[in-house]
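Same chain, two partners: chain A is paired with chain B first, then with chain C.
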Partner chain A sequence: MAIRKLLSGFRDFAFVLLATVTVLFFLLRLTGDPAIVLAGEGATADQIQAIRVENGFDKPLVTQFVSTIFRLAQGDFGKSLLDGTPAMEKVLAALPATLMLAAMAITLNLIVSLPLGAWLGQSQTSRSRKPVRAFLSVLQGFPGFVIALLLINLFAASLEWLPSIGFSGPATWILPVVSVVCFLAPKLIRVVEANTWAALNANFVRTARSIGASDNVILWRHVLPNSLLGAVALIGAEIAFMLTGLVVIETIFAWPGIGWLLVQSTLNLDFPVVQAVVIVMVISVFLSNALTEAVQVILDPRIRVGARADK
Partner chain B sequence: MSLAKIIRSPLLPLGMVGVVCALTMVLGDALSGHDHRAIDLTARLLPPLSPDHLLGTDELGRDQLARLLTGLRWSVGAAFCATVIAFCIGSAFGILAAHKGGILGSALRLLTTFTQSFPSFVMAVTVIAILGDSGFVALTLTLGLVTWPVFSRVVYAEARSLFQREYVQAAEMTGMSKMRLYLHHVLPALIPTLSVLVVFHFAEMIVAEGALSFLGIGAPLGAATWGAMLSEGRGYMLEAPWLTLAPAFAMVIIIVSAHRLGQYLRNITR
Partner chain C sequence: MSAVTHSDIALDVKGLRLEAVEGGRVLVPSLDLQIRRGEILGLVGESGSGKTLTCFGIAGLLPTGVRMTAGEIILDGQRIDNRSEKEWRAIRGGQIGMIFQDPLSSFNPVKTIGSILIESARRHQNLSKAEARALAIDILKSMHLPGSSACVDAYPHQLSGGQRQRAMIGLALINNPALLLADEPTTALDPTVQLQILALMRRKVSNSAGLMVTHDIAAAAAICDRLVVMLEGQIIEEGPTRTILSAPQHDFTRQLLAAAPIGTLTHGGGQ
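== the complex of A and B ==
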């Protein structure tokens, strides 16, 4: 069964990659003429034609498509149309910045959300929790990039405590990470809260209480592991989101990650780089989804048993 | 309903937001009393509550309230149209796939795998940037066309069990047309789920539109949209923070209202 699962995973992966490459190729070629962009302003028709021939833009679309697929299969992603460096090299150079932002944001998110969610989940009627809930539900309405702008407005422009943009040392990391966490935390807190509440009222907790377990033992030993289970799926989705969805936040903070690179290269019509960025994003999202599923299976025996029962 | 009951209703603030949106949609510039394009260099960067300019003016002396309301027309209009497009394509495809199964079912499964790995926002950025001169139509079409699988996934899951229900099977056996079967017997049963989904999708489209305009690849250059206003206001954060605050809070009010409405609908349909 495991092998079959693995094979179907590979099939899906191959399909997604091929579909991505196809969609990108036709979108990019059908709508603009890269030769004109490459030649720059004031180029003569001859110069444009020379660039067209040099890059193979003059051949029929199908020929270009087949040769693109072959070159991609050999790991040749082409060169940046702007400065001639290999496209994949540019993307791999930008990837660590994105991964770093994602790692810091996830860590801070967990540090904030798990205790807060567990605390909120212990009572649905308590008065002290009400303002926190109200605050979180409003915070959930703030788009990530709006939070980023408001934080810059307050801490960088008005108070001048922190630098507003850039990527040079811990002081510049604070605002981007906090903006991402403000955006992600309400959702995670919600899930942890709901799971904690559900676990507290589950039969196994009643049993534990009836045999005399203390409140602390119940919370740490019986409730939290269960509320973590639900959080894993969401954290997986958040990682996938951060590998692709930080486009705007990275642009705001001039954070040199792959989201920023995507915007820059789409605006410059730098096709090979766009293609390489999207392929790297698709691969990393696929991997993080697969990893999340694996972690869930390891943590929760019920999923394993369920899968076996289905067969 | 008594007046006291109306005042205490959770729907009152939502209704007020709705009325403001509707008025703006219909009246446009007449509501603020200013042309949102009128440049007045003698009245640059006026703070809010200035005489004649309720929300102040921007770096070219344009009335901020007029621009905000024009942005509302654009953002709410774009998000609404994109949601309608996604809803129509998504639910049609979902119902068809649930009924026919076979190739459509597998296509939907592959499509779901594809959209889960190729996020719609990245797709929209790429498509719009490539299309070049973007306008309202290109923007809404792109947003609708890249996000519809959200609807088809949910509709497919629910409709599949619906087609097993006796009343749907009985309706099918009477030999009525497929269209009538889908529209009169299947779709009504999906409305509770779909109404919640539509409202939350609308909120997401507001965010997506704002983000695209902010990046300068949504609305045409110079248009008064919330995203563009945020991006222009960035340059004047110190002298004129209201230039970023006003569109930011306008956007948040619309999104929070949509979330509230979604939660309300979810509670009453459950």
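== the complex of A and C ==
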């Protein structure tokens, strides 16, 4: 049973990877001729042609595609057209920065969103919650890059409290992490709030009251596990988003992660590196989805354990 | 009928008045109830008659939007309606056990049956985790749950409706409460299971008092010693079950009796 599930998961993964690489291969070839970029300004037609031949760009597209797939299947991701370092080496060097940003952002996101969402979900009518809800609505309306630019403008440019770019110690981490959290948290808070409100009005809360449980015990021990259950899918989606969607944030803050690498490589038409980044992103998303599913199974006994036979 | 002494009375409700907070609509104008020890009282009426509100009012669990504006609730000779929320928490689950209509949604889907029984036992008795667990298994056993030691670790969805309601009765009785409140305890169950649950409740309430709220006069007749019929927040008829079944005084009571399925009206209470 478990093995069959693993196998089918692996099959899906292989299929998605192949489809992505195929689409990517042809899209990249539409973006331009890397030989011209590589040759630099003032290069002669002969020099450009020489680069084409050297990298195999002169062969028919289908031949190039087949040989690319063949090499990828053997674990050969090619070399950067810029400096000849193996493409995957470049990506793996950039990956820790992205993982670090994602880990810090998701941790802060959970620390902020779970209690705040649970608190908001406790009452639909209280006055003290109104301004918080209004602020979250406004925040949710802002795209991530606008938040990042506003934060840079305020804390780096005007107040000069924090550095705006780079990747050198905790001070440079604050603005990128806060930008990502400002973008992700409102959604998660909303979901936790809605789930908390629904769970608080569920019949099992009345049962908890009937055995004399206090409001706090009810919220933390009976309601939150249920509202967390509904939030797991979104948390998983947010993690997947961070592994692929931090391109803009990383570019704004010159954060040397895979998003930043993707943009640089695309601008340089460095096809092998772009390809390697995308493959790593596909793997990350697949892994985070699998992890989300596993957590859901662990948290929800209705999925984890079946009904008893003597029912 | 023997003389009723003060100590015989488990629950005494005097002039209970319930109003909607907004608009001040009177939902129950003034209600008097008495339940003796060992007795089960059936509170019968149609939806909206105020019977369920009365039941929740006695447990201090009125929904937001409804409040008690007059009257007294006296449990075991002690007035309880004027207690603080903290004191109420000691009463609920300790002196008052409750059973609800839908046993599936009344259990937390992500928690085991045992965990809530253990939580209740430890909240009201000075027990270690292991002692509370042993007590939970014992009480499930006494509810005739098959495989009680496995049931303690089962999730609600793994049990059948009847098993869940047995576990719910076990939860309500785990701290030997003076009063058992049951709100439509059989409405969500199959007819054959209904009778088993009613019989179980009848046996378990022998040394405490029970209040069963239901629109099903046949279910009430099966286990209740006395019936109280409510209509629009007021008691229109009350008396021993036998008397009400054989000689109903009020038109509405006759309608309720006529609506009960043929052959189901058997008085099994107080035997």
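What we mean here is this: the second predicted complex is superposed on the first by the 298 of 311 C-alpha atoms of A that agree within 3 Å, B and C clash if a C-alpha of one lies under 4 Å from a C-alpha of the other, contacts with A are read in each partner's own complex, and residues count from 1 in each chain.
Throughout what follows, contacts are C-beta pairs under 8 Å (C-beta built on N, C-alpha and C of every residue); 3 or more make two chains touch, one makes a residue touch a chain.
Keep in mind that this is a model prediction, so the values were computed, not measured.
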{"item": "Which superposed partner A:85 touches (first chain B, second chain C, both, neither)", "value": "neither"}
{"item": "Which of chain B and chain C A:157 touches, first, second, both or neither", "value": "first"}
{"item": "Chain B versus chain C as contact partner of A:267, first or second or both or neither", "value": "first"}
{"item": "Contacts of A:137 with chain B and chain C, given as first, second, both or neither", "value": "first"}
{"item": "Which superposed partner A:146 touches (first chain B, second chain C, both, neither)", "value": "first"}
{"item": "Chain A: partner with more touched residues, chain B or chain C", "value": "B"}
{"item": "First, second, both or neither for A:67, with chain B first and chain C second", "value": "neither"}
{"item": "Chain B versus chain C as contact partner of A:225, first or second or both or neither", "value": "second"}
{"item": "Chain A residues touching chain B - in the complex, by the definition given at the top", "value": "12, 15-16, 19-20, 23-24, 27-28, 31-32, 137-138, 140-143, 145-146, 149-150, 152-153, 156-158, 241, 244-245, 247-248, 251, 262-263, 266-267, 269, 274, 278, 281-282, 285-286, 289"}
{"item": "Touching residues (chain side chain A, partner chain C) in the complex", "value": "202-204, 206-214, 221-222, 225-226, 229, 299-302, 305-308, 310-311"}
{"item": "In the complex, chain B residues that touch chain A", "value": "110, 113-114, 116-119, 121-122, 125-127, 129-132, 203, 207, 210-211, 214-217, 230, 234, 237-238, 241, 244-245, 248, 251-252, 255-256, 259"}
{"item": "Touch list for chain C against partner chain A, complex", "value": "59, 61, 88-94, 96-98, 100, 102, 105-112, 116, 119-120, 123-124, 146-147, 154-155, 157-160, 163, 168, 171-172"}
